[in-house]
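Structure, as structure tokens:
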């Protein structure tokens, strides 16, 4: 009847007490109580999400398939017309390409910067807390306001970057061709926007990575050391698999936010110059809200969903599998 | 003798490398903030001259922008609104995400896995479309043009992530603790309240601080639902009332940003350790 | 509007009169008083609420006056008035939200982006008020109807429009022996000469409202057009368009720097204030702010008439502004009253805006106009009403044109050319966009 484990002993004792026919009844009510409690706990969140996100999502699906305008938000069903006309739009493909470029380049820089910073923060040194405090600030400032500051930093006349660079002799004087007009040069403008996004979110990447690193039990690392793995091998074969779930969730979270973020482009360039920084959310806003064509705006806004949703679903399922 | 020196040398070299490595990061992160700080105190003629040094004062600093902020705009009201909204949102998120996280993590509900994923996927729905039906919800609750509208709406983007966070956190609580409590005669509820929750305080704090900062990032919902000047939160009030078409009140803009951002950054840091712990327990393990 | 209805003297007005006199409100106060007494509000709107959403005017003093005026009207009519201000660029989003909610403000402002045609089925028909105001004040200028008229009925009250005249530095021109920029060709020569002396010019080649307005002025003055007078068919593909594009390319190459590609609505203001610009094509707010930020520029800058194109034609594209009333408003009578009262204050409003607001009413547009009639530099603005036009010229302001404007198709055409694309390529692209957008709306 008893194993060495006290808990299982007790459990066994309980089941011994509730023996016989009463066992079945007890088990059933236990389960139902568990389920009842569980669903009760789940209800507030589920209700919130269903009512305030789920229902509106269905509404936006409906919009995408209708010819609704801001002035007539209940309108006729037109099937995939909106999607078709979006695909015919020159600007749409530019926006799509820009959105993808934005996301990929930003992700690369964020990983590099985030990883390096995380490594540095792993070390012990004096003033670590202060450094950490400072480095987190870009992430905590309200986005609308910090992007405005960047707008002034990129100004065509008063840009502080240009001021420094020209004083250092790396670029020409104001008025010459080598004075970069950050938000006016189509090649520079997208980079400028990406820069702001990276600046804002690389602290978040670093923190997530740091969390991951610190979660690896030192015994495992030591064991690997003893086994003769060098630093890179340890990193690749031990650390990465263990922190993969954390990385994934952080990555997904960041993906969604970067791809759907409107503020940076809205405040800096409004999609210009000449569509160089046009991205899907900005285009959707211009067409759907400013020009009032809600149906097409919704179609453009929702365009990435069928692409991202299955990918997210698979990733997250995979993640869950790894846990068990 | 020789070995001791080498060790110390190695240490020094290590320190130098670390600090050298850190400098660019700190500069990148902090430089705009420093610049914002200076600009908040600069006189306008100082700012609009191309020859002037951006990093320090060419004309004496002034408190004029702060005065404008507090006496000519509703900034005081905006700050109060922002803080109040964030506190309420954090509370609501707590009340919804923590129980939900526990339910999905520990109670072996059928369909829990997919529900969890489904909740996270709500982030794919674009706010630029969402704000329209939400507007109807807000109006029917009679909350239009009050900051309470934002208290109702912001949890839509804080709950999903916080639920995931709590799910992961609760998974790290040893099963045995709960089972022991329950065998001792506790119902599910008391097991949750008396055993699991106290142990999960770091995770809860993480979720709270995250919800708090996230609710300060929104611009669109605030713009769409709150028009009166004294009801706006800072992220809406600043761009809408400190920019008048042609004229950007840069000094006041920077002052406004810093006064709200820095305290939050400090607060964030206070919880950063917990946050790290929280994410760690968050997924995986 | 309510001539036939019985009006009641508000018992409070007696003490108000005394108050205003005692407070020494002066000329403004007593003329305000006269206006108020001239229009007594009917009893039925007493005790009701009126909520107004308007923009953050570029001239802060105007907003101060507007709020005060609204409150005084409210006190006098027994209506509780609340005025909210948001930037004009954010108003479309706010309108969409209010419409979706079926609730919000009673009166809404539209600036530049006039959405009457999109929402007209849900806006109150203001034809009566519009006609009465017109009758009272000498009629509306011809361009007034277009932004607010749908199928013969009026759904908005045009309040004022905003000009973008020529603002040029007389001192720089004189030094270089140049004439005033009366034609676009002269403007180009001036820019070329003065750029060599470190004073280029700039017009936005970007996604902003001023770009939409400025390049249309160039296009229309060159004889080009966006649509035919019916507004149904895009006519952007024309010889005149090509000429205008060629001109813009030359102007850019000779007289501007590449920074113009990053400019927004405020950049040319800054350019003027920094002392660099030899001329800009911008609203007079740019000129007014230099009074504080760069007094030298303020002294030396002059306002000029819209330059003429090669055929001698002058067209100044302006941003119209209008107020609308939601059908779901719970206080339509008060809203109508307020709008009528606002138009009574037309002259006063123009004064308060320091001449920035250009009137739609002929009486106010009669010379000498308030503020700009007396300021020697601003006198020339009085000649603009004859040449003002809005988006879609010579056709009406339609939904299609609104979308074209919102997507910055025209500025993009000019940007492409400035960046090196051939004129034909750019016209082909632009015409294609116009066709696509117009076709979409025909389908719908």
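Note that the chains are named A, B and C in the order they appear, and that numbering of residues resets to 1 at the start of each chain.
By definition in this document, a residue touches a chain if its C-beta (ideal position, glycine included) is under 8 Å from a C-beta of that chain, and two chains touch if they have at least 3 such contacts.
From a predicted model like this one, the values you see are computed outputs, not experimental measurements.
With centres computed as the average of Cα coordinates, no chain lies farther from chain A than C. By number of C-beta pairs in contact, A-C leads over the other of A-C and B-C. Separation between the centroids of chain A and chain B, computed from CA atoms only, is 14 Å.
Between the CA-based centres of chain B and chain C the separation comes to 40 Å, rounded to the whole angstrom.
Of all residues in chain A, those touching 2 or more other chains are 73, 157, 289, 294, listed in ascending order. Within chain C, contacts with two or more other chains are made by residues 93, 96, 100, 270, 274. Looking at chain B, one finds that residues 48, 50, 132-133, 220, 239, 248 touch two or more other chains. Those residues of chain B lying in contact with chain C across their complex are 44-45, 48, 50, 131-133, 135-136, 138-140, 144-145, 220, 223-225, 227-229, 239-241, 243-248. The touching residues of chain C, when paired with chain B in their complex, are 53, 56-58, 60, 82, 84-88, 90, 93-94, 96-98, 100-105, 265-266, 269-270, 273-274, 283, 285-286, 289, 293.
Taken together, the chain A residues at the contact with chain C in this complex read 67, 69-73, 85, 88-91, 154, 156-157, 175, 177, 179, 181-186, 189, 269-275, 286-287, 289-294. On the chain A side of its complex with chain B, the touching residues are 7, 10-11, 14, 33-35, 37-42, 44-46, 48-49, 51-57, 59-60, 63, 73, 113, 116-117, 120, 123, 125, 129, 131-146, 148-150, 152-153, 157-158, 160, 163, 174, 199, 203, 207-208, 210-212, 214-215, 242-246, 248-250, 252-253, 256-257, 260, 262-263, 267, 281, 284-285, 288-289, 294, 297-298, 301-302, 304-305, 308-309, 312-313, 316-317, 319-320, 322-323. Of all residues in chain C, only 92-93, 95-96, 99-100, 113, 115, 118-122, 198, 200, 205-208, 257-264, 267, 270-271, 274, 276, 399, 402-403, 406-408, 412, 415-416, 419, 429, 432-433, 436, 440, 444 touch chain A in the complex they form.
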